[in-house]
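The structures considered in this document are given below.
Both complexes shown next keep chain A, but they swap its partner, so chain B is in the first and chain C is in the second.
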Partner chain A sequence: MSFSFDLYVQRRSWLHAVDPRVKLAFVFLGTVLMLTFKNLLIMLLSLVVTHLIIFSAGVPDHKVKWVWKAMLPINILIPVLWVIFYPEGPTVLFQFWFVKVTALSVVRGVSLALRLDAIAFICFTWLFTTDQASLVRSLVKLGLPFEWGLVLAIGLRYIPTFYGLYTVVSEAQQARALDLTKGNFFTRVRSYLPILVAMMISALRTSEKLARAMESRALGLPGVKRTCRRDIRFRPADYVYTALLIVLFSLLLTLRFRFGLGTHPLYLF
Partner chain B sequence: MPSEISIHDLHFSYPSTPSSLPRFRVLKGIDLEVERGEFISIMGPTGVGKTTLCLALNGIVPRSTGGTIKGEVVVAGLDTRQHPVPELASWVGIVFQDPESQFFNMTVEDEVAFGPESLGLDPREIRERVDWALTMVGMSQHRHRSPFQLSGGEKQRVAIASILAMTPRILVLDEPTSGLDPIGKAEVFRVVRELKQREQMTIVMVEQESEKIAEFSDRVVVLHDGKVALVDTPDKVFAQVELMHEIGLAVPQVSELAHLFNTRRNTRYSFISLEGAHQVLTRSRSENAQHVICNTTNESSSTSSGHHRLKTEPCIVTEDLWYSYNGEVTALRGIDLEIEDGDYVAVIGQNGSGKTTLVKHFNGLLKPTRGRVLVKPATRNLQPATLKDTTDLTVGQLAQTVGYVFQNPDHQIFCATTREELAFGPRNLGLPEAEVRRRVEEALARFDLEEYADIPPAVLGYGLRRKIGVAAVYSMRPRIFILDEPTAGLDWRGTMELMELIGEMHREGHTIILITHDMKLVAEFSQKCLVLREGRVLAYDDTRAVFKHSKVLRETQIEPPQITALAKQMAPYGMPDDVLSVGEFYAAYCGRFWDELQL
Partner chain C sequence: MTQGKRPNAQTIAVTAVMIAVVAVLTFAVQIPIPATGGYIHFGDVGVFFTAFAFGPIIGLFGGGVGCAIADILSGYASWAPLTLVAHGLQGWIAGYFGKGKGPVGMIVAWAVGSIVLIAGYFLGEWFIYGLGYANALAEVGPNFVQEVVGGLVGIPLVLAIRRAYPPIERISLGRVWEEG
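Showing the complex of A and B:
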């Protein structure tokens, strides 16, 4: 039994109705903002806001949980490594062997991890609520060739499929007594080789079939301009959102560079 | 009137990979003319070039595949050499075998609109065509769903709609039902029937199901060795039972029956449908409620005649087995089961009924959410084995006892040579190298794979890859063999050869657990039949008993083999209602009407 996993959540929410170009702008500007701030509280605030947005668009809990689960390794790894390699500040919380755990580096490590979470969730507000067709359409409208947009969409589309393929192939090899839990790190990495090779072969076969299927649906018909069943159009609300986005972005950027908002990991100013 | 499809002396070779191998010549001079509005079925053994021929009809062969081509293909008046594939696509639409890899949109609607959008049509017309195409295949109510979340039959219907929306004059279907469960097959054939009746479309269908071919086709094209071996109406083609078998293809069971009568009784029967056979066989026969008991007249010594076996120890036991994926989808709902040592069990049911989920518990790939699964592991010495909970056994221990051949051989194949592939399992078991080599050679010999021993299995044809998949599990010498749809995609000969090998292993004492949608195989080869529906056991009994009670099959929408259905329909004439094979039918019929046949 296979479980397909789509990023897109089909709903009729306010956010689904927003023009994908506006959402794309949100992703871009939001990411820029997150990269300019270093403050823990701002990251937390941003996470709260994106969660509110995502939930208000009717995205179910398990999708959100899935994102957090996927981000978990990063959330553990970054603070730990940061604390070990970049001790800073006067307050030493505790010390063992050569590791000096300082308060400042803990805060910085955590806020770095949260920054990535914040960026991830900004992207997911877009991916959860934008169906593939409008996603491609918006990219094409912004000047990207249709094929590129299609490739991106298919890439996103096939991530879950390949994850499913991974599950099946690893089961198939385990049935041949391949033990993935035995031995040290290197033996284990090596034992994933059969799975990777079998997956590559399957993936190649799939991509070949996919190419044929697309050609058979007249993709790239010479001398014909591709049309679109439903075009995307800016509604009045979309202009309002865009204006709001620009105002907020400028405001936060001004606060950051004129008044030094969020440059310290712990204190806002 | 010029032909709609005109193929003249078509030769084709694929570019060779790796280049050290000889170039693979697929088509060796195909000539074929198809009239407008005709329904043509193409049959041929695995690897004969059926798909290649389909791809040649819209120019993918050779434009996208590369390779060398000779000869001429003209479709709807267009020479495929002079028009690019996307242009031909609006004239010749192809529905591919694998529904999964022909979708690249997130909703059914977008999928169907993709073709017309490529053609640059007006948005309003696109919407009209999408509505029409989805109505044609009965998928309008699913238009906003993701095509990936549909069932197999629904997927294939969407694939057909996405082609119809381009309103091609020729529709090519390349084994559209081969990966589907019985319900899915029925759905797709229903759509094909509609199209044949309502639209004046020329249809070319590659299919293995001879019964369906007989029902639909105006003419049947039989390919053999890269050439057209036969082109004729279904009754003429299926009358040549011996020739068809020689080529490696199946004929409808009623045609086999006609052939049996003709050779043994000098009749001149020619059946291609159940109704036809019924009409002829009941003509001038009186109804008689007195049934002949089939078992006593069991002429064919099929492997299913294991009625006198003593009850042996169970080797797999499940106790109140429940399983749910991610705690969300419950796939198994309280399965209690005992599989005896040396049994041959067929597991049947629609997709999603829990077949694969169940058997994955037998080799420990899945562990029960509730209840337990006991398996008798292999013992090194001759100590009596005892049942053990699968949660206490390692992957290795279980793999040594329970072999599992996966549905798609490509999920297991990865080595540089066939020999390496067969050695992978035994090596994982930690066997000494001499023993590994001995087993590999034995498996190569047994599965007739010696000539491919040093070739990368991934470049071989599907039938061979399938066989290597089974051999690679065989070399681990498990006592219990699980085979998940091992014959899917194989031709009649490949199927029979594989079933024969499985039968041999069974006779040597292996326990066989076979998942399949092919009821003919179930009837002919298995001793017991486990029918699953929605994660529950609907029936678990002798195969004959299961087929006798048509209620069980009907409840889960599985059609019995044609010959079983025919005998059942003839029950008022005294035919037994538990016939499992053509041989049994013949014997019962002769037993019942012996006196009349003497006349």
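Showing the complex of A and C:
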């Protein structure tokens, strides 16, 4: 499994300029909307739209490929299991032992998998184009107590540090003849304990130093008005985007629940 | 743990650090399971450690947010909301029953936390993501192995750290700076 510490892609695009709160609203409403639809065409359409949005913001190809690579196993597993367990409809494509592969269940399985892809890409339109500082700032502005915002900011900040720490401790213990490959599964799992103990103690020491540093800067002093280095503000364009988002969301939700848009896996209505 | 309703510096620092530790343990430690070709990770070890050492609130944030960040950074953003809730509840429940307890108390809390997590993923995948019982059931096995490893490593880890690093008790009490 591959991972990256920071998903943010630094660019100067229209999407980077959008207020993070608007993007967060897009993620939330988009995810809710996606979960109400079951239609293959809608899933394909939303994937096209999110890809257009992501590429228009200047996000490089390899980021998009990385998401698809991570999603690949469930994109195979979900349709396969769905087809095996939920045969439906009259059209039988072929029969193999006890498994009856029907056209409708294939379509349904594929659209379920694509729905998860669509939700992932909706999230990544936000995460690829929002740096951690404005992300945390937007959550605080939306009412998260600043202490928990600080928790999130510090947590994100320390992930690369602790990853380095884990690597160093792991190599140090292996240099002292710790064998991680010997024995059965459970022995091997338990052999990680010396690494974890050393890493945890180091992490706890870090947290104590951090707490002392924050206390010495009088964090949590009552009656202090907090300021921030870089604030986020709604521009006129952000109001337009928000309005557009609300109109589109209500329209699609009405179509879905009044007229049954996207309930069938293949036909729109 | 908190001064009034707001967390103090100690709580902020240790929660943040545990979020990072849980996230790192999730994507840094990957042990192959020979029988299936799959992998297990140590995210749950981190969640149980956090919960048993620091209690429900830090367990909730450290577990939920840490695992959700790990999901996002690994590319599985669509699971992140479910992970946030399932691992958050797991950390909360495990911390509620297991904080400061001995091995037996922690085993009970581990069992409850594991059930909450497995049930949370199962129900979430079945009903919210609409994947059907077959796909939701396919996750139960790996999650179960994951939880077994979480307890098998997490509980000895808490005991070892309590022995090797006694200041942890002081951290988990949460020092409060009183202005004189």
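Criterion: the second predicted complex is superposed on the first by the 186 of 269 C-alpha atoms of A that agree within 3 Å, B and C clash if a C-alpha of one lies under 4 Å from a C-alpha of the other, contacts with A are read in each partner's own complex, and residues count from 1 in each chain.
Keep this in mind: a contact is a pair of C-beta atoms (placed from the backbone, for glycine too) under 8 Å apart; a residue touches a chain by one contact, two chains touch by 3 or more.
Computed from a predicted model, the values in this text were never measured in an experiment.
Student: On the A-aligned overlay, A:171 touches which partner chain: chain B = first, chain C = second, or both, or neither?
Tutor: first
Student: Kindly classify A:220 by the partners it touches after superposition: chain B alone (first), chain C alone (second), both, or neither?
Tutor: both
Student: Touch test for A:124: chain B only (first), chain C only (second), both, or neither?
Tutor: Touch status of A:124: second partner only.
Student: Of the two partner chains, chain B (first) and chain C (second), which one does A:150 touch, if any: first, second, both, or neither?
Tutor: It touches chain B and chain C both.
Student: Is A:133 in contact with chain B, with chain C, with both, or with neither (first, second, both, neither)?
Tutor: first
Student: Looking at chain A, which partner touches more of its residues: chain C or chain B?
Tutor: In the superposed model, C touches more residues of chain A.
Student: With the two complexes superposed on chain A, say which partner A:142 touches: chain B (first), chain C (second), both, or neither.
Tutor: The answer is neither, since A:142 touches no partner chain.
Student: In the overlaid three-chain picture, which partner chain does A:203 touch, first (chain B) or second (chain C), both, or neither?
Tutor: After superposition on chain A, A:203 lies in contact with chain C alone.
Student: Which of the two partners, first being chain B and second being chain C, lies in contact with A:76: first, second, both, or neither?
Tutor: It touches nothing on chain B or chain C.
Student: On the A-aligned overlay, A:52 touches which partner chain: chain B = first, chain C = second, or both, or neither?
Tutor: neither
Student: Per the definitions at the top, what is the overlap between the chain A residues touching chain B and those touching chain C?
Tutor: In the superposed arrangement, which is not itself an observed complex, chain A uses residues 1, 3-4, 150, 153-154, 157, 161, 165, 193, 197, 201, 206, 210-212, 214-215, 219-220 for both chain B and chain C.
Student: Note which residues of chain B are touching chain A in the complex, please.
Tutor: 55, 58, 60, 64, 84-87, 89-90, 93-94, 96, 98, 100-107, 109-110, 113-123, 126-127, 130, 144, 146, 148-149, 162-163, 166, 325-326, 329, 331, 352, 356-357, 360, 363, 365, 394-396, 399-400, 403-404, 406, 408, 410-414, 424-425, 428-429, 458, 472-473, 476
Student: Inside the complex, what are the residues of chain A that reach chain B?
Tutor: Of all residues in chain A, those touching chain B are 1, 3-4, 6, 8, 10, 131-133, 150, 153-154, 157, 161, 165, 168-169, 171-179, 181, 193-195, 197-198, 201-202, 205-206, 209-222, 224-231.
Student: Looking at the complex, which residues from chain A come into contact with chain C?
Tutor: Going by the criterion above, the answer is residues 1-5, 7, 31, 35, 38, 66-67, 69-71, 77-78, 81-82, 84-86, 112, 115-117, 119-120, 123-124, 127, 145, 147-148, 150-159, 161-163, 165-167, 185-186, 188-190, 192-193, 196-197, 199-201, 203-204, 206-208, 210-212, 214-215, 219-220.
Student: Which residues of chain C touch chain A once you look at their complex with the stated criterion?
Tutor: 3, 6-21, 23-25, 27-31, 33-34, 39-40, 42, 45, 49, 61, 65-66, 69-70, 72-78, 80-81, 128-135, 138, 149, 152-153, 156-157, 160-161, 164-165, 167-168, 171, 175, 177
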